[in-house]
Every structure is written in C-alpha cells, then in structure tokens.
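Once you scroll down, you'll see the structures, which are given as structure tokens.
Each of the next two complexes has chain A plus one more chain, namely chain B in the first and chain C in the second.
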Partner chain A sequence: MPSDSEVRRGSVLITTLKIVGVLVLAAAVLSFPSVAGNAFILSVGVVIMSYAVLATSWNFVGGFTGYMSLGHAAYSGLGAYGTGLIVIHTDINPWVALGLSGLLVAVLAVPVGIASLRVRGASFVIVSIAMVLILLLVFQSWGEVTGGSNGLRVPRPFGPEVLRPEQHERFFYLHAALLATALLVWWLIDRSRFGIGLKAVREDEDKAQALGVPTFNYKLVAFVVSAFFTALGGGLYALWFGFLDPIFQFSILVGSYMVLMSLLGGIRSLFGPLLGAVIVGYALEFFKAEYGDTQFHLVALGLLLAIVVLFMPDGIIPALTQLARRFAPQASSIREMTAADLAERRRDADADADGSSEENNGTEHHVTEGARS
Partner chain B sequence: MTAPDPTPVEVETPFEVGLATEGLSKAFGGVQAVDGASVQFHHGKVNALIGPNGSGKTTFFNCVTGMIRADAGTVSYRGRSITGKAPHRIARAGIGRSFQLCRVFPRMTVLENMLTAVRPGSLPRLLASAHHRDDVERARELLARVGIEHLERAEARDISYGQQKLLELAGVLMADPETIMLDEPAGGVNPALIERIAELVRSLNAEGRTFIVVEHNMELVMSLSDHVVVFDRGRPICEGPPSVVQNDPRVLEAYLGI
Partner chain C sequence: MSLLIQSIVLGLLLGGLYALLAAGLTLYFGVMRVVMIAHSAFLILAAYLAWFFSTETGLDPLLSLLVTVPLFFLIGVGMQRLLISRLRPATMTMMSVLLTFAIALTIEGLLGYVFTGTQRRVRLSYGGGDFEVFGANIAVVKLIAFGLAAVSLLVLYLVLTRTRFGQALRATIQHPEAARLVGINTDRIAGYGFGIGLATAAVGGTALSLDSTIYPSLHWHWIGPLMAIIVVGGLGSIPGAAIAAMVLGLGQSLLQIPLGTTWAQTFFYLALFATLMVRPQGFFGGRLAQRF
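Now for the complex of A and B:
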C-alpha cells in the first residue's frame, strides 16, 4: 500500500498533467486555422466545433442526470431559426439576436421540461423525439414565417468585405469561445453540490429523493441550461452557414449525433463529448468525401457505435483513464488493503482514542468484513 | 394543523407520538397492500414493524416516505401533516430511510455517496464545491463510525454488500434525520455485521434518534426494540412491548397460521 506522501505526490502529478493537457488542447484549437491550409479544411473545422458545442450542451442533461434526449435538435433548430428570424425581421444586432434567441429557447424549455421530465427511461426518449417531429412539421408547413421547405436565408453578420476563409476563421474562434464557456459551466456544475445532486439522480433517482435532493427542480435546471447552450450552438451555426432547412435543423439524426458523440467520448467526462465530436465529425466528413452522396457514412457510423458500446461502454476517456491508472500510484484500494493492514490501522486509531470494548468488538467484525471484499 | 406550535401531548398519554398514520390505504390492482392502517410510533424509541411476507410493511414504508402516493388516509410527523408531500420534503422534515435490498449510488465514490445527503441551504452554497472541508470531515466521521472510512475513494459498486449496507446507513445519518426508517437492516448480511448494525442502532437511539425498523429477524427485533407493531394483511393487528407481542395469540396465528 502506498504511503500518504506517495498518494499526495500522485494527485499533484495528475493535477499537473490535467492542466498541461487543457493548455495543449487550447493551443491546438487556437492554432488550427493557421495550420488548416485551405478554406475547405477550415470549414470542416467549424462543423466539428459546432458538433462539439452541441454534444457538450447535450451532456448537461445526458451526462449529469442520465436522461437520454434524442430530440435535442429541437433546441438547436429553434435557436437557429430564432436567431435567423430576429436578424431578418428586426434591426437588432446579430450577436444580440443570438443571445436573445438562446434566452427564448431557455424560457420555452421550462414548460417542455416540466412535461417531459416526469417520465423516465424509454418514455423520456420517446417524448424527446416527439418534440422534434412536431417542430419539423410546424416549420415545414408554416411557410410564410419560416420559409417552409424552401428554407430560410440568414444574412451574414460580417460585411461583404470579409472573405470566405476569413469568415470561417472568425466563426471557428466564435464556436471555440462558446465551447469553452459551455465546458467551464459544465466543470463548475460537476464539482458543485448541485452537480453531486444531479449525478445522484443519474445513479438512483428515488434514493436521491429519499436523501432530500429536490430531484425534479435539479433536473429541470439542468435541462434548461442544456437547452440554452444547445440553442446558442444552433444560432451560431445559422449565422455561419447562412441557410436553414427544417429537414436538417429538426432531424432525429442530428440529435442522435449528439448522443453518439457524447457516448463515444464518455458522458461522465468533461471533454468526452468534445473528443467524440472530433472523431465522429471527422469520420462523417471523411466518409462523405469517400462515398459521396450514398448513405454509407451512416452504416460506418452505426458500426462505430456498436464497437464502442461493446468494448468501451463508458466511452473512450474513462477507458484511457483506467489504463493510465494502472501505472499511477494507487490512492486507496479496497483490494490492496489486507486484514492485517486494517487491524494495524485500527490499533493505531484506538491507541489515540479511548475506544470502549464494544467498539473494539465492532472493529473486529469489520476487519473480517473488509478482508472478505 | 391549527397552531404553529403543536401543544405537548396530553398528560395521560404514556408516550410521545412521532410518526403517525390514520386510515392509510394503498391498492395495487386487486391487491389491497395497505388497508386502512392507523399506527402511532413512539418518538425517541426503537419501533419495530413486523409481519409475515406480503403483509404490506414495505408498501406502508413507501407511502409514509412519499415514494408512492397512498389512495387514502393521512400521515403526520410530530403533529404536522406530511400527507402527499414529495419524498425530498419528507426527508427534510427529519425522516431518513434505507431501502429493502440496500441502495447506494453505484458509480459514485463512497465519499460522494455521503456528500449527496448535504443540504445546500442557499444558492451560493448550492453552486459551491461539493467537497467542502466541513462536509468532508463530517462524512469521514460518520464513515469511521460505521467502520468503512478506509473505503472513501472506492466506487460504491466495488465494495461488499455488507459494506454497502453500512454506507447506506452512514448516508442516511449524513442528512441528520431525527427519525430513521430501516427496511430490513439485517437482510442478507452475516451475523457479525447484524450485531454491528444493532449496536449502531442502540447507540444512535441513545443519542436521541428515533428508529422504525422493518425486520424479519425476530431475535434482533426482540432484543432491539422498545415498541413492536405487528402487521397482517395491510393493517396492524397488535402492538406493544416485545415481551407482550411475542405471546399474543393473534401474532402466533398470523405468523404460524395456528
């Protein structure tokens, strides 16, 4: 068993590695536009960043509470159309329009969340899909406002003097900033009391309630935060891409991508959805380039998902962390503590405290218990 | 509830009423699991709830703690109605519970399991780090009390069943409830651990905590409890001190079918 100082040195090492890792990641993202080479590669970068924003936003609900929404395209789509329509019909600055659209979707997510978070498991998944399908029909049929199936052209926020590669570069950094914000908020929640309550919902909702966690309110707040960031992601994409079609905006496929990316990277990890988005986003573009307009990229993605579920059910990041942990000093392991170790520890503790004979009795029982595990 | 401060219980009553139900009923399909049960538990004592399998004890527990909604009847705690309240409100009113077959948060560490029971109290505290020094210290004290402090970094799914039982009890204590309801604390654990749990119940009771225990282990019930309520077909058929209940003909009939 490693000593306390070894453990401390181990955790300092891990913290240092984490900080270095984040800095390397940030440097890689920031330098991407300068090494991208051409406008096409840069545009693929923007698409991947957009996926990363959406998947990370999805993970506020999926990762913390375990509620698997397949219908998050509803919020990215609403954010996109909201931003587009405000820009088209008012004189509001496009960036203010984006924020406004995010807030409107967040407000709308309150009643939707109240209705849908009452049901768990498969029922919740169905309700989330229903929401997207309804919105798809509405946005397709309500032509005079949404442009219907002909789509909606969204004016670019930058003037005509900003050329294409420059556009891509600016939007790449804007997406990166939004992603960084979402990651920061996720991290803050993850370490907070609120976060531990949400994770308790994921693990065992009834048990969490019995311990006094107001699970419904917690779920609802996570859901609204998730919808807010997803809408901002959708809106930013609309300002970049400049054209919205309901069939792509309100698509089950987009919602499934968010889930697939998060599962692939690991929904319990801060950077899981980002990693998943990079892999799946790149794979999607690669397969599309290889196989053209066929649906083969979907088959390839399906295979990828099957492999992940079979061999890395927790995702890539937990699988890698586990591997790394085998080489790092162990903090404390139940398997490495023998009955003799325990008895010794207890003896030391009892020497300090004036333990009664009854307590000593219990201790021995406990030692046998510990040794068996 | 007529007055904000409930007046003390009448003098001729020999015990202080803690948790109480009046005509509590719950049916699942055609099965009347709890059938108009009116029970008063003694505050500050170790109460036992016993009865044959299927007599409605666990359903009664779940109705009282708000996990399932009763069809009829009322529940009160120390004179205040808690009928129909959400489980987390009942928990915050001072009633903690364990689950039959033991439930912990499997993919969280033992320490995180404990920290889940902390009441944030205010928005800034809700958003502050969960690993607050005072909370962690209190969690460690309670883990040490049940004897599993060396496991704090282990995931709850990796520890033994007996250790999970102890963790569940420690988690309930972390929420600092006045009344603790235990659903079969001795179920599926070895005799040494049963004795350890019994010892914990006794010492916690001596510190003023009330217990309501569903248990099948008669030896444990008789040695541990001050007041025993016997359930049969969804309602109490007899109650009293263990020595009296033990020899009651109705209890023998319910258990042995004599």
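Now for the complex of A and C:
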C-alpha cells in the first residue's frame, strides 16, 4: 500500500500529465489545417470533426445515463434543416440561425424526451429509431417546404471571395470550437452533483430513485442538452456542406455511427467519442475512397459494431487506462465501476474471504457503492 | 363503400402478417429480454431466398419454406447460444439492441453485395389472380400470405399452450429463476425460443415475397411498424402483439384512403408515442413490460 504523500504526489503527477495531454491534443487539432497537404484532406478533417461533435453530443445521454439512442440523426437532421430553412426564408445572420435552430430542436426534444424516457431501455431505443423513420417520411413527403427528395440547397455563410480551401479551414476551426465547448460542458457535468446523479441512473436506476435522485428530470435535462449540441453539430455541417438530402440527414446509419464511435472510444471517458470518431471517421472515408459506393461499407460497419459490442463494450480508453494502471501506483487511478464489475468483484472477494482485493477506490466507486447499499 | 370494404379486407390481410412477425419479436423479448432489430432483416433475407429459389428452379416460392424454416431455426438457436448469451446480463437489453442492429446492417450489406440493389419480384402464374367478395377485390397472393401467417400463428399458439415444451417456454418467459428451480433447462429453452422467433421471419419473408417487390434496404420499412406494434401491445405479450398488429394494420389501411400511403405510415409512430404517453407498459403488457 503506497503512503499518503506518495499518493498525493502521484495524483499531482497525473493531473499535470492530463493537462499536458489536453494541451498537446488542442495543439494537434489546431495545427491540422496547416499540416494538411491539400483541400481534400482538409475536407476529410472537417468531416471527422463533425463526427466528433456528433458523437460527443450523443455521449451526453449515452455515456452518462446509459440510454443508447440509435436515432440521434433525428436531432442532427432537424438542426441542419432548421438552420437551412431559417437562412433561406429570413434575413437572419446564418450564425444566429444556427443557434436559433439548436434552441428550437432543444425545445422539441422536451416532449420527445418525456415520451421516450418514461420507459427503460428497449422502448427508448425503439422510440429513437421511430423518430428517425418518421422524420425521414415527413421530410421526403413535405416537398414544398423541405425540398423533398430533391434536397435543399443551403446558401454559404461566407461570401464568394472565400475560396474552397479557405472555407474548409474556417469550418474546421468552427467545428473544433463547438467540439471544445461540448467537451467542456461534458467535463463540467461529469464533475457535478448532477453528473453523479446521472451516473447513478446508469448503474442502477431503481436504487438511484430510492436514494432520492430525481431520475426523470435528470435524464430529461441530459437528453435535451444532448439534442441541443447534436442539432448545432448538424446545423454547422449544413452550413459547410451546403446541401441537404433527407435520405442522408435522417439516416439510421448516421445515428449508428455516433453509437459506434462513442462505444469504440469508451462512453465513460471524456475523449472516448473523439477518439472513436477519428478512428471510425477515417475508416469510413478510407472505405469510400477505396471501394466507392458499394454495399460493402455496410458489412464493414456491421461487423465492426458487433465486434465492439461483443468483445470491448467498454471501449479503447478504459482498456488503455486499465493497462496503464498496472504500471502506476495503485490508489492514484480513478476508475469507474459498473454494477456488474462490482458484483463480480464482490463474488471474488467472498471467494477468497480475506477480501484483499478490496482496495483501490475512487470517488465513483463510493457513489456506486452508495447506490447499491 | 366498396373502397371502405376493400381497405378493411386489405388491412386485415396485412395485419395477419404483422401479427406473425410481431409474435416472433415478442418471443425474443420474452425469453431473452432482447429487442431484435435484425428480425426484419431476416425477413427480407427469407424473401430473397424464396425469390432466388423460384427463379433458379422455376418452382413455387412456397416450397423454399422447407429449407428456410429449419435453416432459420438453426440460425436462431446459434445466434442465441453463440452471440446473445455472451453479453453481460447487466447491460443485456441495450447491448443486444446494438448487436442485432449490427447483424441487420451486415445482412443488408451482404444482400446488396450478392444480389445488388436492383428491385426483385417473384413471377407467379397466379400472381395476377383475384376474386371479389362484397365488392372488394382480393388478390390471391395476399390471401395465401395471410393464410400462411394465420396457420403459423395457430401452430405457434398450439405449441405454446398444448405441449410440454410450450409450457417450459412460457415458464422461462414468466420467471426464468423459478423455471430453473423446477428443473427447466432455461438456456436451451431460450435458444429454441429464439429459433422459433427467427422461423416466423422465414415464414413471413416467403409470404412477403409473393406479392411485394423486394430490395435490400426494405427491412427499415418493416422494423419501425413492427416495433411500434410490440410496444403498443405491451412488450412480452403475444396476444397483445397480435391484437395490436391487427388494429394498427387495419388503421393504416383505412387511413390510406384520406391521407395516401406515405402519410398513413406515420400512424404506427403516432400510436407508439400516444401509447408511451398514456400507458407506457403497452395495452396488454403486464409486470414484465413495465420494467423495460
């Protein structure tokens, strides 16, 4: 067992490492446009950043509460169409339109959240899928407003004097700024009492409720925040890409990309969705470039998702931190434990009676412990 | 007036197929608490196999049932034993949704890869045949599809209520631990339950191939209504699913008169939202549905 001062020194070291890591990450992201050789690579960068924004936004619900929505494309699509329609039909500044459409989607998410969060797990997923299918129908059939299957052309926010590569660069930074905001909000929630309540819902909703966590309100707030950021991500994409088609906006695939990216990176970690977005986004672009428009990318996506779900449902980041923990002083690591992990550990502990495996605690451990007892 | 009768008849015929498929979905949910998104992908797969069989051999697509039903049963058992049962119990519901979603994507992709995205249709000698009842035109193929669904549902009902296996299956659905205590091998029963569920997709797919044009991404048009049906009926209740299927199928068919086909589809989703607002556990769901 390491002594107290050793532990404190360890935690200071870890904090410093974390800060340095975040700074390095930010520098890497910000320098990407100048490193990227040509406009195409830069545009791939924008797409990946857009995925990262969407996945991180998804993670407000998926990561904190464990409610996995397969239909978040509904909110990104609504945000995109909202932004586009406001820009087309009014003289409002495009950036104000973006924010306005985000707020509108957040308001709309309230009744949807109330309906779908009343039920657990399975029904929630069903409703999330239904939302996408319903919106696809509506936006395809309601041609006079949405442009129907012909699509909707969104005017660019920058004048014609701004050339393509310049556009890509500006939008890359805009996406990066949105991503940074979303990450910051996630981090703040993660450290708050609100976040702890949400995580208690994820581990055991009944017990959280019994302990006085206002589970329904918490879930609803998380859901609305998630829809808001997803809509902003969708709207920003619309302004960049300049063309919307219901088939691609309200696609189950987009929603499943968000889930796959977040799961792959790790839904319990701040940077998990970002890491997943970089890996999956790069793979998607690679597949598109190599194999063109065949159905093969569906197979690849399906198999990858199945592998992640079956063999590494916790994601890459937790796997790596676990690996790192083996070489670090024991008590300095903070690992969140699932109810299943705890049950297993308790079984182990009961088995070898001396209970020597009951060490290494972090704050989260206490929370889940508390929620269980 | 005849238009109304026509819609009612068509709605009932469609409702029969929905009922069979929803019963399959309910079985998966009952035995494993799994929402099987890939159900409709297997439905389309069976339709493709029926089409492939009949174009290659020139025989009636109904004969493909002799192969697809046992095959799908085995696939179902294998899926439960090898894939679903590997998931952690604590996160079973969520993760199984993602897993079966992944399977659905893989099937869709493979269908598109092997058979291309071209729309396919089975050519039948009796394909254009129809007859009149009370001024309503009924296509023979639709009646065959309904008959197939009705017979399968009846067999399923008899198996569940009259056999020892059915008793064991229902016990597993009602209370797995109690079922284990009285000596039922719930793992094996759950596997068989999964197999039977997938077999309903084989029957439904063959019925579907008789009178529909099929293409790989068609399954998205089926999974939405089917899921709405099982939620409205109450997750886990087979009679509830069957009744909800008939009611919603009829409703969709009737709404097609004033609204047209596209908007009539939204009826399922509106029913889904209304149910969740009014009665989240569904209209026939009991204790089981409340928790999920």
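One rule holds in what follows: the second predicted complex is superposed on the first by the 329 of 373 C-alpha atoms of A that agree within 3 Å, B and C clash if a C-alpha of one lies under 4 Å from a C-alpha of the other, contacts with A are read in each partner's own complex, and residues count from 1 in each chain.
The working rule: a residue touches a chain if its C-beta (ideal position, glycine included) is under 8 Å from a C-beta of that chain, and two chains touch if they have at least 3 such contacts.
Just so we're clear, the structure is a prediction, and the values are computed from it rather than from any experiment.
Participant: Once the structures are superposed on A, label A:Leu310 by its partner contacts, choosing first (chain B), second (chain C), both or neither.
Facilitator: Second partner only.
Participant: With the two complexes superposed on chain A, say which partner A:Gln209 touches: chain B (first), chain C (second), both, or neither.
Facilitator: Touch status of A:Gln209: first partner only.
Participant: When the two structures are overlaid on chain A, which partner does A:Ala283 contact: first (chain B), second (chain C), both, or neither?
Facilitator: A:Ala283 sits against neither chain B nor chain C.
Participant: Contact-wise, after the overlay, does A:Arg191 reach chain B, chain C, both or neither (first, second, both, neither)?
Facilitator: Only chain B; A:Arg191 stays clear of chain C.
Participant: Would you sort A:Ile41 into first (chain B), second (chain C), both or neither based on which partner it touches?
Facilitator: Neither partner.
Participant: Is A:Leu104 touching anything from chain B or chain C once the two structures are fitted on A? First, second, both or neither.
Facilitator: Neither partner.
Participant: Have a look at where A:Ala200 lands relative to chain B and chain C in the superposition and call it first, second, both or neither.
Facilitator: First partner only, chain B.
Participant: Looking at A:Leu137 after the superposition, I want to know if it touches chain B, chain C, both of them or none. Which is it: first, second, both, neither?
Facilitator: Touch partner of A:Leu137: chain C, not chain B.
Participant: Can you pull the chain A residues that chain B and chain C both touch?
Facilitator: Common interface on chain A, chain B vs chain C: nothing in common.
Participant: Considering the complex alone, what residue numbers of chain B touch chain A?
Facilitator: Chain B reaches chain A through residues 65-67, 86-88, 91-92, 96-97, 99, 103-108, 112, 115-120, 125-131, 147-148, 150-154, 158-160, 162-163, 171-172, 174-175, 190, 192-193, 195-196, 199.
Participant: Once bound in the complex, which stretches of chain A touch chain B?
Facilitator: 188, 191-197, 199-200, 202-204, 206-216, 268, 331-334, 337, 342, 345, 358, 361-363, 365-366, 368-370, 372-373
Participant: Looking at the complex, which residues from chain C come into contact with chain A?
Facilitator: Interface residues on chain C, with respect to chain A: 29, 33, 35, 37, 83, 86-91, 93-95, 97-99, 101-113, 117, 216, 220, 223-224, 227-228, 230-231, 235, 262-263, 265-266, 268-269, 272-273, 276-277, 280-281, 291-292.
Participant: Using the touch definition from the top, list the residues of chain A that touch chain C in their complex.
Facilitator: On the chain A side, the touching residues are 66-68, 70, 114-116, 118-123, 125-127, 129-131, 133-134, 137-138, 140-141, 252-253, 256, 259, 263, 294-306, 309-310, 313, 338-340, 343.
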